[in-house]
Amino acid sequence: MKVTVNRKAHFNAAHRLYRPEWTDEKNLAVFGKCSNPNYHGHNYDLVVSVTGEVDPITGFVMDMKVLKNLIKTEIEDAFDHKNLNVEVPEFNETGLNPTSENIVVVIYNKLRPRIDAKHHLKVTLYETPRNFVSYSGA
Amino acid sequence: MKVTVNRKAHFNAAHRLYRPEWTDEKNLAVFGKCSNPNYHGHNYDLVVSVTGEVDPITGFVMDMKVLKNLIKTEIEDAFDHKNLNVEVPEFNETGLNPTSENIVVVIYNKLRPRIDAKHHLKVTLYETPRNFVSYSGA
Amino acid sequence: MKVTVNRKAHFNAAHRLYRPEWTDEKNLAVFGKCSNPNYHGHNYDLVVSVTGEVDPITGFVMDMKVLKNLIKTEIEDAFDHKNLNVEVPEFNETGLNPTSENIVVVIYNKLRPRIDAKHHLKVTLYETPRNFVSYSGA
Amino acid sequence: MKVTVNRKAHFNAAHRLYRPEWTDEKNLAVFGKCSNPNYHGHNYDLVVSVTGEVDPITGFVMDMKVLKNLIKTEIEDAFDHKNLNVEVPEFNETGLNPTSENIVVVIYNKLRPRIDAKHHLKVTLYETPRNFVSYSGA
Amino acid sequence: MKVTVNRKAHFNAAHRLYRPEWTDEKNLAVFGKCSNPNYHGHNYDLVVSVTGEVDPITGFVMDMKVLKNLIKTEIEDAFDHKNLNVEVPEFNETGLNPTSENIVVVIYNKLRPRIDAKHHLKVTLYETPRNFVSYSGA
Amino acid sequence: MKVTVNRKAHFNAAHRLYRPEWTDEKNLAVFGKCSNPNYHGHNYDLVVSVTGEVDPITGFVMDMKVLKNLIKTEIEDAFDHKNLNVEVPEFNETGLNPTSENIVVVIYNKLRPRIDAKHHLKVTLYETPRNFVSYSGA
């Protein structure tokens, strides 16, 4: 009897999309106004979804207070009110482009080792209410 | 050609999370403020999702008026403005803890026999906009 | 140059509507299923709106972190995961009926002395997304 | 490493549900007030979901500007402020009943040839916030 | 002690914007695609706001069940799944153009005589989540 | 017969809150993590509200297409995907701190001369769904 539990979280951040080896013109051609060198930003909404068996004693798949705190420590504290390109190691130390696709994979990879391996994990990231992505590790 | 049709519904209810065989201290340690013996409550939102072939005459997988009425009779009339621990047989007669996980399974089990067996069924339950669960019978 | 700043907050609570001096029949006739003696509950959303001059140095009417913390201390800590009839002094010590109208006035009266008297205050309370009330002290 | 990217769009349209070979009475019995011969209408919300590998250079599954423009050209320009029964060829030339199920399949079939065949496609259509459907081609 | 109580409701309808004495060209120039002779439609959301003294016995400004039923009888039953231009007397018998502005005034005028004259009334109508209007009789 | 028409719009931007004449420590003490020198950002939602008489011929207070285009030209094109501190003249040429309060006043002042002087104007700006401000010129 597998149930999926979902927890919604939130962070605000600045970013820009660009490839450092490309000219400004090429970056503008590919990434449009998202390549603005002075950055822009978003209110990112995040849904973390954990699927597993319901514990017959507690009635929990996973304690949502634990999941809430894990998201706070691993993701909100690391990303909120930050410049993703400049201040977040997964991007500034690697040159990884902070597209929604890459951010959602980074979040998944940060959470995966902290969640029971027998549980399935999926992460959904809303860059805006009209643009969102999801990743489940495959 | 399988399409999923989804119908959203709503009920307001009181509940508490606890194990009667545990002390108040242990209930508080495990369930936090959700174990308050005087109850608290939620506006529960519900999405019922039915997947099947589209009927070539009507263009329906399942008549949404029928689904809406089924949710009303089976779920809203049984749960709305109720105390789940005290008044809803699936919980008060069994001691089942009314966590979101257990509630969504109860809802699924009540609807499953009323929906054509050749259709796939999934139920999603929002306890709050930030905490929600889903179950599809597996 | 007066600007209104608004901060949204949230609490979950149980309540029932009834007059102790009335019979159950009369309570049911007036309050409907909201009079259920076993309680039901809601996810209450709250918007606190403060209007005043913008400080030319900070660009703030009122520091939103201060307002957020004030709402947490005065309202969320007092009401969240509580039974309003049984555990919240403004209702259980006075017999005040916890209708949305009375709750919003109680919230206003708790916040008013904590907010600069030169600022206008308005409180909006959502009992459900379809039922909400507001009060500004007049 | 497969990620799903989602883009939300919108159109307003009129429609009615009916079978031309049926009497008005039978249409009313089956389709209820949706069979009104004078039409009614909806604000349709649409989510187009594309799943594929993330390009290691751009960090994109698919350029969301391209997807946004594709939805505009193929769907919004064709359906927005239109009468689906009278003006949209997929319905008026075939007699296909514009139920949500049939509309979502039509949208899928219009988009499928325009999106890289190696990508998975899913379309979700909200007729109202309470009634919505999805289709992924199977 | 005046509190405002608000009730949200909903109807789906078809309409077109045009002046019968104008040419199609002029209607198109002024009303754009909203003048489509085959109609388009919307999911209209409605908020009815009633302001008055809180009754010290019930804790109500106005019984929300009464307000809900009044909106159903006067507005939802009259407008839902209707063509506003063709089937709703306030428009089809007068030639009044069913713009959001005119619809909200019609709704206000239908509700005003049914609500206690000592209460203030305001009506807000959402044609889409991005276009909405309000009227309070002045 | 005065009706208020409202139009919702959107822009994404980066900003930081700080006073250049203050030390980093003082900026941090007053503005918290909003003073991050590397910027953060938001999805800003905007509602522009115009109140006036309904034109008896068109049924419009103001043509919403005109209002939509005005917001696009004056606000969205100027602010979207920009760094407010660095690239928007109302802030970078004056040192005005881009708090929500100051942004909403700037938006109001940009729109006011473009809207008929006989109409009342109000602007509401959502920095996040939980923090928002409004200004109507007084």
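In order of appearance the chains are A, B, C, D, E and F, and numbering begins at 1 in each one.
By definition in this document, a residue touches a chain if its C-beta (ideal position, glycine included) is under 8 Å from a C-beta of that chain, and two chains touch if they have at least 3 such contacts.
The structure displayed is predicted, hence computed values, not measured ones.
Student: For subunit C and subunit E, which third chains touch each of them?
Tutor: Intersection of subunit C and subunit E contact lists gives F.
Student: By label order, what chains touch subunit B and subunit F together?
Tutor: A chain counts here if it touches both subunit B and subunit F, which gives A, C.
Student: In terms of CA centroid distance, which chain is the most far removed from subunit D?
Tutor: That would be chain C.
Student: When the CA atoms of subunit B are placed over those of subunit D, what is the turn angle between 0 and 180 degrees, to the nearest 5?
Tutor: About 120 degrees, rounded to the nearest 5.
Student: Which one of the chains is farthest from subunit F, going by Cα centres?
Tutor: So the chain farthest away from subunit F turns out to be B.
Student: Matching residue numbers in more than half of the contact pairs is the bar here; say which of B-C, D-E or B-D clears it relative to C-E.
Tutor: B-D
Student: Residue numbers at the subunit D-subunit E interface: does the shared fraction exceed half, giving same, or fall under half, giving different?
Tutor: same
Student: Calculate how many whole Å lie between the centre of subunit C and the centre of subunit D, each centre taken as the average of the chain's C-alpha atoms.
Tutor: 42
Student: Just the number, please: Cα centre separation of subunit A and subunit D in whole Å.
Tutor: Computed from C-alpha means, the inter-chain centre distance equals 29 Å.
Student: Taking each chain's centre as its mean C-alpha position, how far apart are subunit D and subunit F in Å?
Tutor: Centre-to-centre distance between subunit D and subunit F: 34 Å.
Student: Taking each residue of subunit B in turn, which ones touch at least two of the other chains?
Tutor: In subunit B, 129 touch at least two other chains.
Student: For each chain, which other chains does it touch, given as pairs?
Tutor: Those chain pairs satisfying the definition are A-B, A-D, A-F, B-C, B-D, C-E, C-F, D-E, E-F.
Student: State the interface residues of subunit A toward subunit D in the complex, per the touch definition above.
Tutor: For subunit A paired with subunit D, touching residues are 17, 19, 30-32, 96-102, 104-105, 129-135, 138.
Student: Taking the complex as given, what residues does subunit B use to touch subunit C?
Tutor: Contacts found on subunit B: 10, 12-15, 33-34, 36, 38-43, 80-83, 86-87, 128-129.
Student: Considering only the defined contacts, which subunit E positions touch subunit C in the complex?
Tutor: Per the stated touch rule, the residues are 1-9, 54, 57-61, 63-65.
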